[in-house]
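Mind looking over this structure? Questions follow.
The letters A, B, C and D name the chains in turn, as written, and every chain counts its residues from 1.
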Amino acid sequence: MIEMQDVYMTYPNGVVALNGVNVTIEQGEFVYIVGPSGAGKSTFTKMLFRETVPTDGTVQVNNKDLIKLKWKEVPYFRRNIGVVYQDFRLLPKLTVYENIAFALEVIEETPKNIRKRVMSVLDQVGLKNKARFIPDELSGGEQQRVAIARAMVNRPALLIADEPTGNLDPDTSWEIMSILEEINASGTTILMATHSKEIVNTVKKRVIAMEDGRIVRDEHRGEYGYEI
Amino acid sequence: MKFNTVKRHFKEGARNTWRNGWMTVASVGAVTTTLILVGVFLVLMLNLNHIAGELEKDVQIKALVEITAEEIDVDQIEEEISGISGVQSIEFLTKEEELENLMESMGDQGQAWGLYEQDNPLNDAFVVKATDPLETERIANEIEQIDSIYRVNYGQEYVDSLFKFNEYARNIGLALIISLVFTAIFLISNTIKITILARKKEIGIMKLVGATNNFIRWPFFVEGMLLGVFGSLLPIAVILVGYYFLTQNLDILQQFDFVTILPFYPFAIQVSALIIGIGATIGVWGSLMSVRKFLKV
Amino acid sequence: MKFNTVKRHFKEGARNTWRNGWMTVASVGAVTTTLILVGVFLVLMLNLNHIAGELEKDVQIKALVEITAEEIDVDQIEEEISGISGVQSIEFLTKEEELENLMESMGDQGQAWGLYEQDNPLNDAFVVKATDPLETERIANEIEQIDSIYRVNYGQEYVDSLFKFNEYARNIGLALIISLVFTAIFLISNTIKITILARKKEIGIMKLVGATNNFIRWPFFVEGMLLGVFGSLLPIAVILVGYYFLTQNLDILQQFDFVTILPFYPFAIQVSALIIGIGATIGVWGSLMSVRKFLKV
Amino acid sequence: MIEMQDVYMTYPNGVVALNGVNVTIEQGEFVYIVGPSGAGKSTFTKMLFRETVPTDGTVQVNNKDLIKLKWKEVPYFRRNIGVVYQDFRLLPKLTVYENIAFALEVIEETPKNIRKRVMSVLDQVGLKNKARFIPDELSGGEQQRVAIARAMVNRPALLIADEPTGNLDPDTSWEIMSILEEINASGTTILMATHSKEIVNTVKKRVIAMEDGRIVRDEHRGEYGYEI
């Protein structure tokens, strides 16, 4: 599903965010990415849906070579990937409902199916009663849950979640985790960058630990922690 | 593109126009102001052009007949003149009619000459008009070649001045209106550009969610068109009402007898159509041009 | 306010102008375009006004003296006329001079009248000019009251037409330039408003960090001024260069002998100063007005 | 220091975010605010620096009645309060350094002192080497630390932190906690909304638990949890 070889990423300001990353993730895996602040976790995830392109190395996702992908193909490629951004990235002028529906409108779903799917994911994240609110009218945690709902509404083959529980209380976090496990059980590959020691140590999955742009540990059924 | 998607784009475009609130008001305001400017100048320039044309139409050639010429000659001369290409009309004036005209045009002082009616020193004359006023000079020269014509007179100095002046005025007017239209294009698309620059982030998010460029563009197309059309409404109202009022109150203008203006219908309607056309086109164009910048994400 | 803070505000304002990148370019573009429009029209209107004034200065009153009047009368009449308030100059023309002028003005046809020189039917006349051309009518009427004046003539029809036309032209020109300036004010402040609307959030953050309204306002003041000044540069260049070129190539215009234009210095300089003044003022004003909306947080 | 009496807050869209809150916090206290997503924690903190004004009730902070506070006085009042926003609220066009310096420029500090203070707090949060970056060039956790640095740079009497460790790894979180304790020890009142069970249960302080806009528990040296 995902294959990275010798990936380097240097931002225009000179920061080396990825410093030789090699990793293979199979279809259907559930992977945590852990590491200190600024380790390169978000940069790593951004490679996978081509928000950024590596300065060196190859990235293959869904059998597509992302470095060679044409501009025209990028949107179609992204439709198979759901992303929960660390900073949510909701459209500020659209309501919660419209924000989530947008991901289905781009693939030209019928209005009827859109309605059904959106209400169903809103129910899952517990925000059915806030469907008509705009993002600014939501609490931090509520916004985060809208971002999660949008990422999973079109049942992508790969779901990337960058710190999806950072603004959630433990109870809600566990609910989200069980949703993610459910989705994973149905075959979706899940990649989750997180700082939650409790979650990583309780729901045991493969753990990739990063530090200074390098993968320092890669363990199946691993624990939280990124010292070598 | 499915029909539902088309519907969605139009709904979305209209909704964005509404949701952008102040930005929309500001854009429409800019479009309105600019198009009023363009509209008013267009009306002004086209009418000035029309007036210039009317003035040119008044130009006529006076061909004085030799005093020795007999009646029989006159008919022949008339025939010869009408044989010249580009002649529109010929009128014959006897020297008595001429003197009368002269006396009339001189007012009170002219009466003094009345005493000399018996001994009229003037010539019979033909008054000739050209189909195209700009050909006046050529025709005058050709008439002068006719044997029994003593002298040709078409107010050379005045006519030359008039034609030159009109030419300059027309060129300046054209330059003005063209630069005004370009100014309008720039100002409108510039304003729309700024409002879209402010939405750079949103466009980026749409692309990340898998929207194609066309999917993003369509609502902007609709929005740009709406901005242009809304912005044309007031200018059109101003032109229609203002011009109607003007045509109804022409007595002010009629103090200058050379002034006639273009009729309300179809002139004002044509200008209005042009205005809304410019508005919508620039709106769409400005909108799509600005959005293009952000689509490479 | 401490000196360091003043320095900070200026630095910040300049820096924001730079940092806003495209927004700044768009704003300056709008200011530039609008001010070029205003500038060109200002130059045009002021010159047309000037030409109208020149035409009016040419207006003169011709007072015909009774044929019976003796030499002795003429001096006395001249004295009486010069006693009327508002008279600028008086010139006496004998009837012989009059006839000569008339013959000259009639060209070839006029020569015919030469035969009648011995029996001149014209009157001696005074040619009078008014200090203020608009007072011509009053002065003409007063002159007419003088006993030995047979008739007064100042080309009533032409002069009335001229004055009326000039009055209309001036009013229309004034209305045009005023509406153009308001359009400029609207368009410039509108553009600036949009760029500041896009910074609504930032202003809110500043307020939350404890910035007073004035603290936030000052850099916007500087930025608005810079936008206005930068936006004036090209219009000023256009006016200076264009007008200089025009004054150097007047031969085109001199074909119409009534046309003279205002001298480059100080006219073009004054217009330039006005342009930069308008630019900076509207820039500052537009900037402060838009920022005001967001300060109540 | 802080006194709220019968505070109600209904947002324009009809959501009742605070539903009768009474609380007193003394100078020098360290208080956690916990509760599920959407409980009203952020709304509660926003009352204290007058980002929002209650629809009913009285709020007193620093002996100032915030309902009667004049518009003119608000900026001066806010200068005694440092706030870490849940969504950071950094000025996007200013560098990290300038963002933090801004809080000192408004009180017309001398450039020399500004420089000294800013570099000192940047050092504390471990971002000295990112002083010249703009927020968009930072990772989520780095942005959060800039927000923390800005809140404490002018040594406010009251520091309000809304979820200040949501984007931080455990190690960095503990560092931030020790900085907060240090500041608290020097007399600053600290109010911290958080979802971190681990922090609340380890660094024992007063805990105010909210649910549905109401305070459901208020315990000194309390534990995480918001069930009644």
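Here is the rule we use: contacts are C-beta pairs under 8 Å (C-beta built on N, C-alpha and C of every residue); 3 or more make two chains touch, one makes a residue touch a chain.
Per UniProt, the chains are A, D = Cell division ATP-binding protein FtsE; B, C = Cell division protein FtsX.
Treat the numbers as computed from the prediction; the structure is a model and nothing was measured.
If you take chain B and chain D together, the chains in touch with both are A, C. The mean-CA centres of chain B and chain C are about 25 angstrom from one another, to the nearest whole unit. Averaging Cα coordinates per chain places chain A and chain B 62 Å apart. The centroid of the Cα atoms in chain A and the matching centroid in chain D are 28 Å apart. Centroids built from CA atoms put chain C at 67 Å from chain A. Chain C has no residue in contact with two or more other chains.
Counting partners per residue, chain D has no residue that reaches two or more other chains. The touch graph of these protein chains is a ring, one cycle where each chain has exactly two neighbours. Contact annotation for chain pairs lists A-B, A-D, B-C, C-D, with touch applied as defined.
The residues of chain D lying in touch with chain A in their complex are 11, 13, 15, 34-38, 41-42, 86-87, 133, 137-142, 145, 162-163, 166-173, 195, 197-198, 224, 226. Chain contact summary for the complex, chain B toward chain C: residues 22-23, 26-27, 29-30, 33-34, 36-37, 108-109, 112-113, 115-116, 121-122, 151, 161, 164-165, 168, 180, 183, 186-187, 190-191, 193-195, 197-198, 252, 255-256.
Those residues of chain C that touch chain D in the shared complex are 1-2, 4-5, 8, 16, 19-20, 202, 205-213, 215, 296. Of all the residues in chain D, the ones that touch chain C in their complex are 49, 51, 71, 74-76, 78-79, 83, 85, 89-93, 102-103, 105-108, 110-111, 150.
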